[in-house]
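Two complexes come next, and they have one chain in common, chain A, joined by chain B in the first and chain C in the second.
The block that comes next holds the complex of A and B.
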């Protein structure tokens, strides 16, 4: 059964930005788009173990801070090498100013 | 000979890669100077303007030097004219290859790709293999057995250093690689860092390179002169000197097998002409620590973190002398390494992997 886990306050993340959230030995990246929609993916790039929360958000794209691999964080799709494997995404909801992600 | 003076195997297929992995040096967490997130985002912001301006300026200068070289052909003036043309062909070719390979020079992705492909040909580096090689260089910078771009082993090989000033090591090696790829053959070392899904792209690129070579050779026969090759292909040999110096001062003489770019990379203050040719890669610690900061923001990044970094070399010449001195020392003592003092404001160096610390009984161990 997947659990909803409180990740952060909605205003902890600036528009078009990302933060890191660690939970039970796993690491996630939580995104806020320009339109203040929220998304979550695995935290580390699928190419090398580099955390995406240090990367640059450009529209719906997150860029790995080390090698320029890019993903669409709304779908997890790898968009540019050296990232070749898609990111895993997680359902997100915002309730009473708190961002929750559904973690299995 | 003591064990520590034994030669190491710098290939990617030897035993050193496994040892590096055992020591926690592979795809490890590297030291990064603290910068507020807001400031970091400003520094990483992409722009098209500076790179369009610099690319137009480069092409105009290259064309101008080419016209002078053409009209000086057959006179002694051809020597300086082609030297200038060769330097303008190769040094910016190298730095544009590098910056566009990182995808940071331009904001618009296709512009990065067009200039990357063009510059890759100028410096005779097969575009896709070198993109992957360079990604590995950034993952495992100067980790022996992992980094395919270590400039020189310890002790250094002087014959290689000297002939490389005319690109006579890297050039033939990459031309051989182009032939292999054109016929669908990928070397064992390359398989260590290029995924199979990229092979077909490499093969296509190499066939295009060989087609261009064939056209240049045909033009030479047609005109009965070497002049066409003096403008395309040969400049990457006769114009390589400055590019090689820039390459040598990036890392040589500093540490191997560490996880802190302040220990294995060198920031050098350069004059504006060299900085234009080199696209600010003289800020090499900054570039390695934060590779997604575009070249035009590196001076600002340098200001941001210089209190956390060793003193930069004051000039290209000073850095080059320091490298040569270190290489001479390493002939007899392969462990000779330049030690650079940090300012009192800096965080300590991170020589190896961070120790694992259990935060409290029953909790998951974390890195400090």
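The block that comes next holds the complex of A and C.
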């Protein structure tokens, strides 16, 4: 069953930035866009085990901090090598200043 | 001429990326990749924790496995060394007597570890780190209680030192220079790294040259210029690497601290290109000054760039140099090159320290940082500022309340 899990406060993340969220042995990256829309993906890059929350967000793109693979974090699509496998994304909602993600 | 095809000598990160890129750019002719090792292209040196610390037997981090090379329709000649280039006949001669004709040739021959050279010294059994076999040999020595002497306090020496310490070895790092990381990091950053190593229990012997080495049974005895003798059961040498230029030099190509290439990465022969650790090239961002870089990103980017140049593109290679090193829980990252800097500004925030290097006009030339992995964000922004040759107010660079990203808009 898919559960909504409280990940962080909406203002824990700066605009156009990303933070890490760990839950039950899994790790996620939670994004806030320039327009303060929120998104969530798997935390680790699909190329090597590097956490994307340490990477730079530019527009809708997150870049791996080590190998510069890029993904569109709104869709999970891999945009630049060495990343070639898409990132998994998760539904996100914001209620009363808290960001929730739906994990299964 | 298409039948001649593209030939790449050197099957490391650079060579493999170049082969991949040639196909991506639509080259359908022959591609031949000649590698000295039997192993498919993998990352060198293998510094990852997996290579040195993993409990189970590690494997190399492959850039392209045999299967991938097959998909790309690359003729991979493994375990062979190119010994001569016949430039007038456009052919590379291999040690087994084969001649491989080329239309365009890429030299991605890499670099080899420098050895300690001293008259009368017995350095038998000394280890270095470049190949996967080197990593396995070092790994075998990293057992609890071993007394490890490491010569050289550069990135490689220090990463190995951290791994050895994590494995429970007693570790002493010897460095002839007055401090660690002399060539790559400013003193404020190096001091933080040194302190972290000391806290982990690493002993340093800085500013002292080595004047002799002997074997005493299983022990290495290293004699220092100040008369002290250090003994260890394991000796690891990390004093830099020398570019593999012999093949190019013998073929009459220009050499200048590496195989001398132009801004497109073409050598003094317009049909022969060079890329990666073996290549020296002029960098537009630094007034055309010639550099040779040993770094993962450069190996990748130059391989890709050289492939495009081989197909006739004329764009210059002008990526901002970028290096990283992980030691314990510390991340070190450097963007740019600080050789021409006349001033620095230091930013401290959330446990991260970044030193910005500027020239007399205030142009940002380099940024060196140490701290948590999230440091990467600010270094990446710095890299973009360096690429656009931004002239910046040092007070803003040093002020942690000014978002670096906001400077991109100036």
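FYI, the second predicted complex is superposed on the first by the 104 of 104 C-alpha atoms of A that agree within 3 Å, B and C clash if a C-alpha of one lies under 4 Å from a C-alpha of the other, contacts with A are read in each partner's own complex, and residues count from 1 in each chain.
The rule we apply is simple: a residue touches a chain if its C-beta (ideal position, glycine included) is under 8 Å from a C-beta of that chain, and two chains touch if they have at least 3 such contacts.
Since the structure is predicted, the reported quantities are computational estimates derived from the model, not experimental observations.
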Chain A as common anchor, with chain B and chain C clashing or fitting:
clash
Considering only touches as defined above, state whether A:56 meets chain B (first), chain C (second), both or neither.
both
Does chain B (first) or chain C (second) touch A:65, or do both, or does neither?
both
Per-residue touch tally on chain A - higher for chain B or for chain C:
B
After lining up the shared chain so the two structures overlap, which partner does A:25 touch, if you call chain B first and chain C second: first, second, both or neither?
first
Touching A:80 in the superposition: chain B (first), chain C (second), both, neither?
first
Given 76-84, 220-228 or 310-318, which one is the stretch of chain B whose C-alpha atoms run into chain C?
310-318
Residues of chain A contacting chain B in one complex and chain C in the other:
17, 48, 54-56, 63, 65-68
What residues on chain B touch chain A, complex-wise?
27, 29, 32, 37-38, 40-41, 44-46, 102-104, 109, 131-132, 135, 138-139, 195, 197-198, 290-292, 364
Applying the document's contact rule, which stretches of chain C touch chain A when the two form their complex?
61, 296-297, 324, 372-377, 380-381, 405
Chain B contact footprint on chain A (complex, rising order)
14, 17, 25, 47-49, 54-56, 58, 63-68, 80-82, 84
Using the touch rule from the top, collect the residues of chain A that touch chain C in their complex.
16-17, 48, 51, 53-56, 63, 65-68
